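Multiple structures follow.
Both complexes shown next keep subunit A, but they swap its partner, so subunit B is in the first and subunit C is in the second.
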Partner chain A sequence: MRTIVNSDIFELVDFGVAGGESLNQRLKSAYRDLDIKYPKFYKMDTFCKVGFLTMEHLMIKAPVSFDPAKTGIFLVNQYSSIDTDLAFHRSYSLHEESLASPGLFVYTLPNILIGELAIRHKITGEHGFFILSDFQSDFIYLYVKSLLDSNVLDAAILGTCEVFQDEVLCAMKLVSSASVLDESLSFDLSKFKEWIKKSPQGR
Partner chain B sequence: MSTMEETIEKLKVQIIEQLNLEDVTPDEIDADAPLFDSDLGLDSIDALEIIVMLEREYGLKIQSKEEGQKIFYSLKTMAEFVTEKIA
Partner chain C sequence: MAEENESGIVNQGKVFISGQHMISALGFSIGDHVDSFNCGKSGISKENYSFDSYWVGKISDEKLHAERKFHKIPRAFSRLEALSAISILTLRGMVKENLSLQSIPVFLASTKGNIDAIPHHGAASKEHIHLSHSAQRLKSFLSLQHDVTVVCNACTSGLQAIILAARLIQANHITEAIVCGVDVLSEFTLRGFSCLQAMAKVPCQPFDEARNGISLGEGCATIYLSNNSSDAIAQIVGMGVSNDANHISGPSRTGSGLIQAIRSAVDLDSIHIDYINAHGTATKYNDEMEAQAFNALNLQHIPLNSMKGYWGHTLGAAGVLETIAATIAMQQETIWKSLGYENHGVSRPLAVTDTSVKRKISHCLKTSSGFGGSNACLMLKNCAS
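On to the complex of A and B.
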């Protein structure tokens, strides 16, 4: 599992699974390494755990302060919450006597990740989770730029999160209206896309 | 240990496991304290998980909201419900 975070420097945070450790165990270790107290983490599905941890690293490294009320969150992926969707399906279909888990069901939408991030960081600005056939940086660029240019938002967290079985890819970036949007936002989103394409875990 | 005490201890373990309360130990759960207004931080989804757990583990169904509120008041009231039904 790998994630990238930061505003200006793309930094790889390696949550790689090693030594027979499961992805879930690794995510728990990564959570404990952060030395924070947020018990809700343990209740999250893998998708939200990955996004949560990436956001925590982003917030630690974020070079600019931001107003949570004027900060948005915009995430894109191709496969929605498929890993959790399948886990939920398995939870009640493999054994007839099994009952569906409500705790798992609530995570069968990808935008729940945005909700978890917003609750954790008290972010209340506009947000959206887009399921697209490709990581369309131009679409996100125009969308977020219009919100920043019109002062609807002062800052935005942009990124992608994909989880399927042990394959994980998550990238997040904080941009603000103080950024040189015309160049840096476009450039950085392209970097996201390039990195995803080059990644052996990318699709 | 009485049947009631055994049921309380079993429910503690089952709830911790079912609700992924990884930072909580059975000893930290006060059986007499309100279950949903405590440091455990349980929410409505947790209540649904407990309902599913009771049905799966004990074959017990909560018949109404009013009954649920009484049964889920504390771990002790839940254990009384389980003990009474499976006795």
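On to the complex of A and C.
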């Protein structure tokens, strides 16, 4: 199992779990390495922890200096919030008398990650979480492009986050209408899996 | 820029709703729904489950069975997939000159898909739990050329799917789209909202003093959007999406996110809103937040209702289902009674309709808010006025 954090399209931070370390331990130590104080991190589910850490790395490299109301967050994946869905399902189905966990239920939507990122970075613009069959959608790319072109947004964070079985991956990128548009926007969500596979540290 | 051709009037940059279909506890056709609205009849009833009983808006199993047969829906299709397919196929038959589905982009809004397919005690790698799998099934059954894009953004999913499609049409990336919002009742969500103490002990009472939570419902609603104004029911003249950046499961106390979404969608100085079709879930915090936002924008005198008292909170379907309800209100020149509302129960004034009123509606504001801090709204213009 390994987690890859990509804060810029050319750089990957490998979150590979080594030497019997659990994913949770690995995420905690990655959080400590960041040297920030954000106790809410410990309350998050694995999915949001992974997304939160990725965003922190992205913000170090490319801090958002845009109008928060004109900054958006757009994330895609294939398996929604399945890891936490299964945990919540276990909370009420494992034993006859077991009680459903409200703390887990609130994390059983993938856009909760967008909410966590919005709170942490005070981003309030248009956003959305989309589920794609094969990470392939020109529509999401064209949608974000139209928001930037029409000045609804000045900047957008695009990315994917997936926590499913032994797949734990997350990648994000900041695009803005102020940057050289074509190159910046050529970041293609459908290429995620491909370049993660190709990278020397990739799966 | 309007341009007439043999298939109608194409208006680049404009977005029209020109076909719609809905399924809820009230029935399988728009006519069924109008009848219930006119009689003030709710589809919410008490259902007994093995784990508890709840007031819910449940779609009739018998009618669904008949519709499945009629449309030759594959046996393997889940309730959610069957409803989506039935609604899309019915819509196709209703739109003039039968739509050719193949090339039309389809956007699906849903929060939990087939979530109850998680097997007991199973590690669950079962494919059919996933919304991406349902999307693939619909694509192949309907012989679509494009993948179905799923919007999964809590209770604003429906409106956000409409906005995604509308922005693509506005920017001329596509010329038409189908948007389907769907969610079904599941043990998973019933138990979830129940453990949050968010389920009402009686049918939900939006904006009422005695309101104590939501009634969950199931629904499936489909609209056809295009840049062609012939047969248009309504035009989408404004849209906005925002995030509270405040709390993951509670709305902002001040309504700041909803205010931002409405401001980005509408220039309130130049458009007079005749009717607000609100989110109105009947939780203490949601309804209070909406009252704060509408007052901050000086919209407290505009007739407002919540449709949740008719069919419950249908989650991912709500935005599409209620947008259709808003366009029917325009067509019928009626703002229906906000079912469940008797005594004003929010701290600020609002013109909640305690009885159905007849009036011409030129502009209607439709809003939604949800977990994750999302807010979305649409400004609809009556094409008949």
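One rule holds in what follows: the second predicted complex is superposed on the first by the 174 of 203 C-alpha atoms of A that agree within 3 Å, B and C clash if a C-alpha of one lies under 4 Å from a C-alpha of the other, contacts with A are read in each partner's own complex, and residues count from 1 in each chain.
Keep in mind that, in the parts below, a contact is a pair of C-beta atoms (placed from the backbone, for glycine too) under 8 Å apart; a residue touches a chain by one contact, two chains touch by 3 or more.
If you're wondering where the values come from, they're calculated on a predicted model, not measured in any experiment.
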Under the stated touch criterion, which partner chain does A:82 make contact with: subunit B (first), subunit C (second), both, or neither? second
Of the partners subunit B and subunit C, which touch A:152 in the superposed model: first, second, both, neither? second
So in the superposed three-chain picture, is A:142 touching just subunit B, just subunit C, both, or none of them (first/second/both/neither)? second
Applying the document's definition of touch, where does A:115 land relative to subunit B and subunit C: first, second, both, or neither? second
Contacts for A:129 in the overlay, against subunit B (first) and subunit C (second): which applies, first, second, both or neither? second
Report for A:102: first if it touches subunit B alone, second if subunit C alone, otherwise both or neither. both
Contact breadth on subunit A, by residue count: subunit C or subunit B: C
Considering only the touch criterion stated at the top, classify A:39 as touching first (subunit B), second (subunit C), both, or neither. first
Check whether A:93 is in contact with subunit B, with subunit C, with both or with neither, and answer first, second, both or neither. second
Just which bits of subunit A does subunit B share with subunit C as contact spots? 99-102, 106
Which subunit C residues qualify as touching subunit A in the complex? 51, 105, 107, 111-113, 115, 118, 120-121, 123-125, 129-133, 135-136, 139, 146-154, 160, 164, 167-168, 170-171, 173-174, 188, 191-196, 240-249, 257, 260, 264, 371-374
Touching residues on subunit A, where the partner in the complex is subunit C: 68-69, 73, 78-80, 82, 85-86, 88-89, 92-94, 99-102, 105-106, 108-112, 114-116, 118-119, 121-134, 136-137, 139-140, 142-143, 145-147, 149-150, 152, 165
Interface with subunit A, subunit B side, in the complex: residues 19-24, 41, 45-46, 48-49, 52, 55-56
Partner subunit B, residues of subunit A touching it in the complex: 28, 39-40, 42-43, 97-103, 106
